[in-house]
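Next come two complexes built around chain A: one with chain B, the other with chain C.
Coming up: the complex of A and B.
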């Protein structure tokens, strides 16, 4: 679909260095990296805002490197929405369709459909200034998707939203992707987003692509220290969940973790290491999750100590140095991990 | 109630001094001429002609600034290039140059000894003592105010709005017309008002390039020189009031409607 061949661009503060990527048709492709890694320029280069200093961009085999943005049919959504403040929600969404000289009846139909899908039909006559962050981003997504672009570029679309809205929009994005089958390139600095949305991920640092692969591959087998540190999210697992008596049993490679969040089917599980209790003997408590395993690593993190216990799956717990000394934990020892079902997060 | 510290009273009294400093001369000037004197002045064809000349030459200067200054203001707001600071300083030059010097400078390129002056005279365009000359001088002194106001307006519009528009299928020109202009026109209006206000007030440069035809400030000066304060005041009052009303009308006509808030 979109092939980026060895492009470089120097904008002074931000730059791209020999970026090569191959994004398949209908793929949900994530680009992950810290602030200043060059993610936004990469998106803007794909959109055609900047011409690269060198290298080529191909779309469906056609060289589009020097084609202006309006002939690429690639839409963009920014973190800060960028709705046209002088136009109503309806006119914002219709903007791209009007430029394409589509008959007015057809425009109406299309914006009606997309607005129903994103649940923004009731906002049509409002101006952007009166909308909440979540509403604005839905409108921005609708405006981008309604033109049926060859690819949809999302520049940290969820970063400015509160947790609840972010969660909702993440589902919407997933829905849009599965309903329309559109190719999506989504820039983020959150590994959770990568895990819950992406088919593939490219990790960027200082204008370069440092690793490309499936999210769990990149997560489990980072190819360099930068990726290891950057994606360093502990206790993130893919599993399959079944709901049982109002709680979810999630099977992760044979180990069953219980979560208070009800969700069935394939899912991503995350448990914060500081929510896990570690003990040398089994403890009786109301916590639904208790695992026994062998300590495989004791890692000094300065103020705290990270202990990795192999319970069939590697689970990390964070304890204080004082606890480590008091309990005398060492690599190779047996230990129990206990955590509450309500501390198990499901995506 | 807590007792205010002396500093508070210093700030208040300075405020009063400045208000008085600005308002006293203006009020005195406006109230000095009698109503019959004012009536008589406005019936004077020469006065009307010079006020009208002042207004329309200033308006032309603003129009020229709008046409040529808008693209430059956009360029300065959107791009960084080597020498940008220099270009900006050059644009500000007319603000800092003494006004008679502006007049002399413009005359020196309009003369027959200079190639531009020769071209002008071959084309039959006269600068010295003509409306053309007045418009050129007013544009020269007013343009920086327009460009600076509009540049600031453009800078306040996120370039990303334009990028989104372009990605949705708009050309750069179409993006400017559909997005940038509707968002920036209010700053253009401010620029036009600033530019024409500055142009209407110009005296020193105009008097060198074109004593005749007489713009209002030149006429006020002439009446002052020839007949004294009493005869120059009414013209001044009329000039100030007509300009105030015009600017007020412009503001009201273009004030934002409530719907967008």
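Coming up: the complex of A and C.
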């Protein structure tokens, strides 16, 4: 669908260096990297806002490297929404359709459909300045999607939102992707987003692509220290959940973790390492998750110590140096891990 | 008690000075508007000469303001958005008329249009600036265009170029993106700039005096009328012109503060 061949661009502070990517039709493609990695310029180069200094961009086999943005039919949503403040929500969404000289009736129908899908129908006559962050982002997404673009580029669409709104919008994005089948390129610095949304991920650093692959692979097998450190999210697992008496039993490669969040089917599980209690003997408590395993690593992180216990799946816990000394934990020893069902997060 | 002990000297002194300055300004305005009686003022305003001055001032300032807008929009946009060779030099040159005394600007314009082949060619083609109302328009334009330009430049700089980027991905050419997105977003700056330019244009004296001269009932704008009538002792007419100028200035200032507070002139 979109092939990026060896493009470079120097904008001084930000730059791209020999970026090559192949994004398949209908793929949900994530670009992950820290601030200043060049993620936004890469999106802007794909959208056609900057022409690369060298290299080529192909769309469906056609060279679009020097074609202006309006003839690419690729929509872009920036992190800070960029809704036109002088136009109502309705006119913002209709903006692209009007330029394409689509008949009024058809425009009405289209913006009606997309607004129902994103639940923003009631905002039509408001101006962007009066909307909340989540509402603005929905409108921005509607404006981008309603023109039925070949691809949708999202520049950190969830970063500026609060946790609840972010969660909701993540579901909307998933829905848009499955309903429209549109190719999405989504830039983020959060590995959790990559895990819950992406079919594929490219990790970027200092203007270069350092690793491309399925999120699971990149997470399990980082190919360099940068990726390992950057995606260093602990205790993130793919599993299959079944609901039992108001709690979820999630099967992760044979190990069963209990969560207080009810969700069935394939899901992503995350447990924060600091929520896990580690002990040498089994602790009797109300916590529903208790695992026994062998300590496979004790990693000094400065202020804290990370301990990885193999319980069928590798689970990390973080403790203080004092606790480590008190318990005398070492590699190869047997240990118990205990954590509450309410601390097991499902995505 | 501790509060009383804490009353700072600098607070009292500085507030005292600000009140003194405000009083000074207020007193001189009041002096002008109360110098004659209301009936005398009305008679003067209705006189043929003052009516001519009002009309000429309105027409010339309106035309020069429109010219300032037309020229400043592309200029300000270029200097806000693009990097090009000599940009900072051009910025400095464009600001120069702000620092130049209007009389000096007027002399410059007089020499340009009165003595150079360029000016003579224009005059032969029937476009005469020296000692004509057209000269007033040019003088107002020259002295006031930096105000419009600076306000618009600030306004365009304050509009994130990403708005245009989004518009382009939605199907706009770069010109359409400017026309449909950036320009409407610059509305407040345009309004503020127009008001300040127009009000400065109405009050323009020095450069207009040099280029267009002070001919009664020909190049007699409100400030020129004030000057002419003051020189020959027609105090009532002079005060009438001054009062109208005060009303226009204060009205413009009010509108500017209200809509253009974000735009920095200096």
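Operating definition for what follows: the second predicted complex is superposed on the first by the 347 of 347 C-alpha atoms of A that agree within 3 Å, B and C clash if a C-alpha of one lies under 4 Å from a C-alpha of the other, contacts with A are read in each partner's own complex, and residues count from 1 in each chain.
Quick note on the criterion: a contact is a pair of C-beta atoms (placed from the backbone, for glycine too) under 8 Å apart; a residue touches a chain by one contact, two chains touch by 3 or more.
Only a predicted model underlies this, so the values are computations on that prediction, with no experimental measurement involved.
Considered on the superposed chain A, chain B and chain C are sterically incompatible, since they clash. When the two complexes are overlaid on their common chain A, residue A:339 makes contact with neither chain B nor chain C. In the superposition on chain A, A:219 contacts neither chain B nor chain C. By the touch criterion defined above, A:76 reaches both chain B and chain C. Once the two complexes are overlaid on the shared chain, A:95 sits against chain B and chain C alike.
In the overlay built on the shared chain, the residue A:127 is in contact with chain B alone; chain C does not reach it. Overlaid on A, the two complexes show chain B and chain C touching the same residues of chain A, namely 44, 47-49, 68-70, 72, 74-76, 78, 80, 82, 84-86, 95-96, 99-100, 143-144, 147. Residues 44, 47-49, 68-70, 72, 74-76, 78, 80, 82, 84-86, 95-96, 99-100, 143-144, 147 of chain A touch chain C in their complex. For chain C in complex with chain A, the residues that touch the partner chain are 160, 162-163, 165-174, 176, 180-181, 184-185, 187. Against chain A, the residues of chain B that register as touching in their complex are 158, 160-161, 163-171, 174, 178-179, 182-183, 259-261. If you check the complex, the residues on chain A that touch chain B are 44, 47-49, 68-70, 72-76, 78, 80, 82, 84-86, 95-96, 99-100, 127, 129, 143-144, 147, 153.
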